[in-house]
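Naming follows writing order (A, B, C, D, E and F), and every chain is counted from residue 1.
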Amino acid sequence: MRIVVVNPNTTASMTARIERSARAVAGPGTRVDAVTSTMGPASIESHYDEALSVPGVLAAVRAGGADGYVIACFGDPGLDAAREVAAAPVVGIAEAAMHAAALLGRGFSVVTTLDRTRGRAWDLAGRYVAPGACRGVHACDIPVLDLDGDPAVTDRVVALARAALARDGSDVVVLGCAGMADLAAEVSRRVGVPVVDGVAAATLLVQSLVTLGLGTSKHGELAPPPPKPYTGALTPFGTA
Amino acid sequence: MRIVVVNPNTTASMTARIERSARAVAGPGTRVDAVTSTMGPASIESHYDEALSVPGVLAAVRAGGADGYVIACFGDPGLDAAREVAAAPVVGIAEAAMHAAALLGRGFSVVTTLDRTRGRAWDLAGRYVAPGACRGVHACDIPVLDLDGDPAVTDRVVALARAALARDGSDVVVLGCAGMADLAAEVSRRVGVPVVDGVAAATLLVQSLVTLGLGTSKHGELAPPPPKPYTGALTPFGTA
Amino acid sequence: MRIVVVNPNTTASMTARIERSARAVAGPGTRVDAVTSTMGPASIESHYDEALSVPGVLAAVRAGGADGYVIACFGDPGLDAAREVAAAPVVGIAEAAMHAAALLGRGFSVVTTLDRTRGRAWDLAGRYVAPGACRGVHACDIPVLDLDGDPAVTDRVVALARAALARDGSDVVVLGCAGMADLAAEVSRRVGVPVVDGVAAATLLVQSLVTLGLGTSKHGELAPPPPKPYTGALTPFGTA
Amino acid sequence: MRIVVVNPNTTASMTARIERSARAVAGPGTRVDAVTSTMGPASIESHYDEALSVPGVLAAVRAGGADGYVIACFGDPGLDAAREVAAAPVVGIAEAAMHAAALLGRGFSVVTTLDRTRGRAWDLAGRYVAPGACRGVHACDIPVLDLDGDPAVTDRVVALARAALARDGSDVVVLGCAGMADLAAEVSRRVGVPVVDGVAAATLLVQSLVTLGLGTSKHGELAPPPPKPYTGALTPFGTA
Amino acid sequence: MRIVVVNPNTTASMTARIERSARAVAGPGTRVDAVTSTMGPASIESHYDEALSVPGVLAAVRAGGADGYVIACFGDPGLDAAREVAAAPVVGIAEAAMHAAALLGRGFSVVTTLDRTRGRAWDLAGRYVAPGACRGVHACDIPVLDLDGDPAVTDRVVALARAALARDGSDVVVLGCAGMADLAAEVSRRVGVPVVDGVAAATLLVQSLVTLGLGTSKHGELAPPPPKPYTGALTPFGTA
Amino acid sequence: MRIVVVNPNTTASMTARIERSARAVAGPGTRVDAVTSTMGPASIESHYDEALSVPGVLAAVRAGGADGYVIACFGDPGLDAAREVAAAPVVGIAEAAMHAAALLGRGFSVVTTLDRTRGRAWDLAGRYVAPGACRGVHACDIPVLDLDGDPAVTDRVVALARAALARDGSDVVVLGCAGMADLAAEVSRRVGVPVVDGVAAATLLVQSLVTLGLGTSKHGELAPPPPKPYTGALTPFGTA
């Protein structure tokens, strides 16, 4: 099977890192390709960025050619819309990480980038998992594009994860940004709890759904959208 | 003061109807102008349409020149992002209608267009009002652009509202589409309960906030987004 | 239109302050009159005081003669009962402030008077707004009748508001007492976030409902109460 | 010990029936006296009646002389205020019935009098028991003062209880009016499930609390109210 | 009537202490016998211990001969299953303590033994009482079998209770282990708030249910289990 | 890797069916072995059966020798305890099915065996997924051991699934019994929505967790239980 991992921002170096994380866990019969969004923000650090990353995500999903899709930004931008237009299953990395974390302990803490993105993480936790599963969302105050392998970044994430576990009474850590994908193993080793990277988790969830023969329900709300003309810069998104 | 009411779809005739509803309730010192989105779908009837209406909403809000903004689609597309980029207050018609309905009775029912949009209305109710306030969401199965003053449409909405009140044990009706704005008075007269149109409600809420000197908090999550370059068809949305 | 603002306690000087706040925001065609309760406690600082302020509130509302009513105590005493007996809309200042605050940010903190009134504020938040909207309720430990314009009071409220924003991760402040109505502008200026006074907010919400032609639903639970005789000191409240 | 059961309405015949139910279950060392409110409505069938029954309840509780108090109206009028002013424990019949019902099955249905009182029962269930414990509230449309032993009343309650169990998937019935106290045994026998009368349940809960040496916490919110003057018809309630 | 109090662990000295607490509050016509589980763990300090205490609890309840049963471990092990197999009412000490605490204040704190049992207490609070009633669960880090009357233990529980009240804003303390039953009076005296011991509370709740003629509903989910053969070490539990 | 799938009941024919379902989806490098519980009930159809299936589950998990465990009964018996004693990850089929279903649509319906097991399914949904995800639990009234490939059984499940989707407004079906594992494909084909079998889903979730290098957190509540002696028939479970 082929899984396409969509990087909703336009930064190709981040796409490469995401692809490595996804490929590292995919099964022998699974080909993983990561694609960079062709329109929108260089990184996603606000509701504004997130909303404007959605057209690029939808363009990538509409391009088709895959048995399943991963949306590789922790805000899960455009997830419902992508499910409407894709024939194949679509999984966001926040939902993947949170569902996986729920299997590993009694409560998890999210460690994310900027303080202003914490609200979105809480919103998604409210939508994905049972009340009480997400016990805290903490920001390391490092911009997305600075998550580049600098050891000081890892140190800061480790320190924040430790503090979060103590303050929240949690026992699992969720990394709240696709750009942190390559930190999971080291943070887990140093902090001593399971640390979930959504990119890897989502890749295996999509692979599992495809293996199970399961895709998005087309009965009801997530059926293909009613066709209609689109206007202006978004004309290519028209469905009639 | 000047209030701009943004029609998130690209259908000018609907904008005209929205503008009439908003102007009918605005105070003597308030000028109301409705604007049609310049990009995106002709009507909003799916998560896909809604997501792709957001760039047009944000373009209208970024154009500035108003003391307050109304987003006139019942999905409140782009509300958080619009609050980030606007200096002035922004109110969505779903939130306006639901907050107003909460002041008028013990529980409300939403009457909307297509069955597939019911999920979004439930999501918004969960975000805006206390659990139990929204007691049901019902679809009349009329596409948005067919809500055009045909008396048969009114009859169908009246019948659906009556059934909803009985089934849900509710005492207030919320109209779940900007295109229904001009039906509120007649439906209320015939059904015998308060019927809330979000366009009029949002216009007065924005006017009230401006009078109170209150705007979106710029402390924290809704501060202006971090500046950065944008790419492709969305390049004009770049903030750096 | 005429709006009557009911001060549920019997302290006339507080009524005068409330009236000023309400009149300062009312529209050109709106006359606002504040009335002092004729029976009950001099201030409302317990469940006992609040319960015993209700007869005075209901007497004022039953006196009629208005197009809308505001109940100007942050406990919203007698709100459901007032809605039953009034033909016109009735809004409490706690519900008005909380609904308005929900339009201005992602979460608000309430700053109130005595510690023992915090529970009531939480109860009302649970009834009015979505879970998570109210993020904290904080007491400045100043009795209601000492909120009299002393600059030291303002300083204490400012300090408490700052601490609340930091502790709760909130971005809006709600003033939790009608006696704080005249502090909103200065606290907002000094703290740097929107500060909502319920008296002004409720006045504009009632004015808006009247303009929209909306009143309490008389379908069901809030219909006029079944008539019956009353006994003892409450005989005048009898409805048969 | 002595337990005072307060009938919040002014109908003495109902007080007598309540007293019989309470005395029937009290232990050998417990004296039970029921008292009729000296002011307010003849029966409680609206928010208005309930609010105006509170002064009478508080007067009875302030009279003192008991080791514990029961408030014998299913709206639990004035419960928080009564706890503030009483040294001894106070239990409402709705809370007693709901807590007891939670020990007997997986979910209960409330059978009450008028349709318009259903909202209050839901509010109290939300306050007292876990979400999901109360599965339905059903009205038999019999006014409170017509619950007078007529066999036709019992038949109607039995039929409604059966319908409620089937519709709600519940396994316990709670009688939602003090006037139904003497129906519990027969309804239980005919319907085949536990049927909880709040008057008897509250009497034994208060007796149990007294035996356990437990009373209302005076640490914090339910401490005696701050003393102050009262005005008008409510002057006798003044605490200073 | 005869009430059997089941100690789910196999430590007879603890059974003796439990029996004393239960007998101290039972009414004159009530005989209380405590029994020690005949199989399973010496104390219950993990999900593993708790799960493996259930067969012993069920064996004790199936032995019959009582009018009501108390399960005297704060995890309420096997409660639903015991209700299925018992004809008489069954009450757990956690549910008894939490329901009683809800009648005494606005919110309670649980003081328990080991940190790792806090999650179970939260789970039970979510099942038994309204959201917000349980405001904190705190561990004194004393193993169950060390709760043996040592004054240092009492001191530690007192200190923890004081800290819990301040941190949680609660006004009642619940003792979170059957082994703490004999501490309630002294902790209450020293801390100044009601302190609820579940053993005594459950004993009186069961006695009250029996007096009321109420037992577990046999309509639906808690009817006797379908009969069937059992295998291996658990063969005696077979029901066919 | 090796995954052990534990059948918590003692019926070997059902174990064989479960093993087939699990093996059908496992990856090329994964060996799956199903084991039958050696003690307890022949099928699990009550809280009593479920509680008494736990020792057998724990014995199987303590036997070790696997990289991950599946508990193959929809009540997820002993899940928390199994996580404490296992070094490797453990997943229950109810949690696996519910988490997977949450990725496929907006809301799912559970189709299970006996009516009396519906409450347990609701309890688990409340623990695993967000409120609103599980929209209904429906019983086909077929005992567990009669789910044996009879075409009439499939017809009944198909009919129930169709009715559930319509009544609940859901778009995904979850099979609520391990004994239904081999029905998923046919029911999905005939009903036209995704149908999730928990056995297959749990097998791939465990395989994914092992691939990700993730196991149960041993930080806190799910650390190995404190060692201690056990007594009676359960002596072999002693940990000291």
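Methods note: a residue touches a chain if its C-beta (ideal position, glycine included) is under 8 Å from a C-beta of that chain, and two chains touch if they have at least 3 such contacts.
Since the structure is predicted, the reported quantities are computational estimates derived from the model, not experimental observations.
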item: Repeated interface matching D-E, over half of the contact pairs identical, chosen among B-C, C-D or A-B; value: B-C
item: Numbering shared by both copies at the subunit D-subunit C contact, with half separating same from different; value: same
item: Farthest chain relative to subunit C (centres taken as mean CA coordinates); value: F
item: Maximum centroid distance from subunit E, chain identifier (CA atoms); value: B
item: Whole-Å gap between the CA centroids of subunit A and subunit C; value: 44
item: Chain centre separation (subunit A, subunit F; CA means) in Å; value: 27
item: Subunit A: positions in contact with at least two other chains; value: 106, 118-119, 126, 169, 220-222
item: Subunit D-touching residues of subunit E, taken from the complex the two chains share; value: 25, 27-29, 89, 91, 95, 99-100, 102-106, 126-131, 165, 169, 171-172, 185, 188, 192-194, 196, 200-201, 204-205, 207-209, 211-222
item: Residue ranges of subunit F in contact with subunit E within the complex; value: 10, 37-43, 45-52, 54-56, 58, 78, 80-81, 83-85, 114-116, 118-119, 123, 127, 143, 220-223, 225-226, 228-235, 237-239
